[in-house]
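Mind looking over this structure? Questions follow.
Naming follows writing order (A, B, C, D, E and F), and every chain is counted from residue 1.
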Amino acid sequence: MATQTLLSDADLSPEARAVFDDIRKTRGSDFINNFWRALAHDPALLKATWERLKQVMGPGEIDPLTKEMIYIAVSVANACSYCTHSHTAAARAKGMTDAQYSELVAIIGMAHQTNGLVTALQVPTDAEFQV
Amino acid sequence: MATQTLLSDADLSPEARAVFDDIRKTRGSDFINNFWRALAHDPALLKATWERLKQVMGPGEIDPLTKEMIYIAVSVANACSYCTHSHTAAARAKGMTDAQYSELVAIIGMAHQTNGLVTALQVPTDAEFQV
Amino acid sequence: MATQTLLSDADLSPEARAVFDDIRKTRGSDFINNFWRALAHDPALLKATWERLKQVMGPGEIDPLTKEMIYIAVSVANACSYCTHSHTAAARAKGMTDAQYSELVAIIGMAHQTNGLVTALQVPTDAEFQV
Amino acid sequence: MATQTLLSDADLSPEARAVFDDIRKTRGSDFINNFWRALAHDPALLKATWERLKQVMGPGEIDPLTKEMIYIAVSVANACSYCTHSHTAAARAKGMTDAQYSELVAIIGMAHQTNGLVTALQVPTDAEFQV
Amino acid sequence: MATQTLLSDADLSPEARAVFDDIRKTRGSDFINNFWRALAHDPALLKATWERLKQVMGPGEIDPLTKEMIYIAVSVANACSYCTHSHTAAARAKGMTDAQYSELVAIIGMAHQTNGLVTALQVPTDAEFQV
Amino acid sequence: MATQTLLSDADLSPEARAVFDDIRKTRGSDFINNFWRALAHDPALLKATWERLKQVMGPGEIDPLTKEMIYIAVSVANACSYCTHSHTAAARAKGMTDAQYSELVAIIGMAHQTNGLVTALQVPTDAEFQV
């Protein structure tokens, strides 16, 4: 289900088409996933989101696979099913091994657990952790 | 504030003391942060949490700094202030540079944004993302 | 799926039927959505929820469409898929245009992003924001 | 507390200073709140966040006060204390009356309640709500 | 901090005073905690919230202490610090032992962990769990 | 959908098989739900999760049905659909009556509501609630 229809390539405004063109070129693939097809109703939002995502997830100080694993971690904690699926697929496409995935899942589970324990106990932050 | 008092070293049961000893030995530091001092009321929970954390965050397929960054990502999304402080401090202690931290923060912000967009639009998962 | 069956009109207790009657009368529609059919197992909860909802979402200082947009915003942040669907449909029924919806989605995305940034950075609240 | 120091005006890079100048000019106020002072360590993130925020929260189809109320709603559901404080202050500065604020709070509470009920009952989405 | 001032007894409207009287009578204590003092700005919300809370948390099929433990569990998962403090205090006042509290905390931590694991793995619901 | 395949009994490693054997023996049932089949890819995580769950949810100071209700409460607040389904089924298997379930749902809804109200109002914690 969705609260917004998904636009096919034939339905795109010229502004949205230009973004799709850049997604395809950047990724070296013709495939456009549903997220962008839903956003395409609002070309300004589509363009702003894609351009910022391209910058944030592009080359930098943190390697591309690590970036995807961080993205998965946030998406799981926010209970975003689509995002968890899409970024897990992206991480695998960027070389995440089964062993790395197992560790990622274990870390996510562990972090959730200690987040819950800390919040239950309302542990005060140590002075040593402050900047 | 807290919903549980923090135990000083003098208040520890022998079982809790043994865990504190292992934390100190493993970390090579005398400092025990408040999380463990709150958990120490329940030596079984203290021991289970520490032993699992040591295993999950120990040597493996994902490097130690990346593990801390994943931990931060989950903690932020779960709005756990203590956890965000403690794991950011841990990441810095493991060598996270200012530039890496800036990228981490940007990725976390980006992921939150697209999580929100996807959930608002209720985007259906692409068949391509399924295993 | 569900953890509770959905009651058809024929299954209702007299107390639940009276609430359904009021929902139909208030909305000027025969359609009763699944939320109420699941709640109908507990007529007291059904009645309390409907009466409070009717009051909170009824005429007041904030116009009906704005109320629905606020409801959507909360529902998205709480990752409630059903609620996001139902209140987006309600907002459209109350006249939300495509352009307004696009802006709403953009605001929700932006708020999620800055929520994530603030929590990652643990920004202290400015004295100027206190009452 | 914070995981990042807050930059004073004297500490700013030229790129960050330019953003602060635009914030001051746009808002017609010399006051720069802590969020921007924490972001200022990363001028690219500061600039991207401010420019997008200015666009999303600027003139459009939804009036400025409604935009702030939607922002508050998301921030509360994401348990972002700073964001709740800052956007409540912003809404008041944009004319939110006490009566409107009371209604906003009531709607947020109501939405949280029905979000919880729906998720507990795992209510399936009605076909009528699909686009 | 707060986004709403706390009303002292001298500041109450007659409607709010009547609710405070009922809280004091029901609880057999003169103490009124800050939550009600913040809500008192909106007597209708104050009254609706108190009356519903009194009903839901009053005598029924689930014993009073268990009700408080369930309330704590929700409050922790929603990262509500105030609520975690107040309902932990309430549970202790209703007889929660240290051993029960330890178990409660352990269950909350465990549930957070498996919630995280399940969401990371996007485990499909077994047909056996459907009603 | 899932981000990880579900292992059939024929696909199990010896270590995973041993855990499945213990689950079946402990529960007195041949049925293994999907959660464990997804975790079985990582026998160490499977074993650690099962053994800790068995301990936490096993005999103790809090009765088994109450433990399941607390687990449901966390799972709902974390928006974990699978977990809500599985623990609601478990609670029913442990004797939860329809009347108890109705009360549980009402408490969960109420707690969500007051969590939202408290966070919206940013109510400061009363000194009386501190340990």
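The criterion applied here is as follows: a contact is a pair of C-beta atoms (placed from the backbone, for glycine too) under 8 Å apart; a residue touches a chain by one contact, two chains touch by 3 or more.
Everything quoted here is computed from the prediction, not taken from an experiment.
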Checklist entry - Which chain's centre, taken as the mean of its Cα atoms, is farthest from the centre of chain F? => result D
Item to check | Rotation angle superposing chain B onto its copy chain D by C-alpha atoms, nearest 5 degrees | outcome: 120
Item to check | Chain separated most widely from chain B, comparing mean CA positions | outcome: C
Item to check | chain B and chain F: spacing of chain centres that average the CA atoms, whole Å | outcome: 21
Checklist outcome for this item: Rounded to the nearest Å, the gap separating the Cα centres of chain A and chain F is 27
Next on the checklist: Can you list every residue of chain F that touches 2 or more other chains, as numbers and ranges?
Outcome noted: 1-4, 45, 49, 52, 74, 76-81, 84-85, 88-89, 102, 104-106, 108-117, 119-122, 125, 129-130
Checklist entry - Connecting every touching chain pair, does the picture come out as line, ring, star, complete or other? => result complete
Next on the checklist: Help me check something: in the complex, which residues belonging to chain E touch chain F?
Outcome noted: 1-4, 6, 31, 33-35, 38-39, 45, 49, 52-53, 56-57, 60-62, 66-67, 69-71, 73-78, 80-83, 85-86, 88-89, 97, 99-100, 102-104, 106-108, 110-115, 117-126, 128-130
Checklist entry - What residues of chain A sit close enough to touch chain C in their complex? => result 1, 3-4, 41-42, 45, 49, 74, 78-80
Checklist entry - What residues of chain E sit close enough to touch chain C in their complex? => result 1-5, 44, 48, 52, 55, 125, 129-131
Item to check | chain C to chain B touching residues, read off their complex | outcome: 72, 76-77, 79, 81, 84-85, 104-105, 108-117, 119-122
Checklist entry - What part of chain D is in contact with chain E in the complex they form? => result 79, 81, 84-85, 88-89, 98, 101-102, 105-106, 109, 116
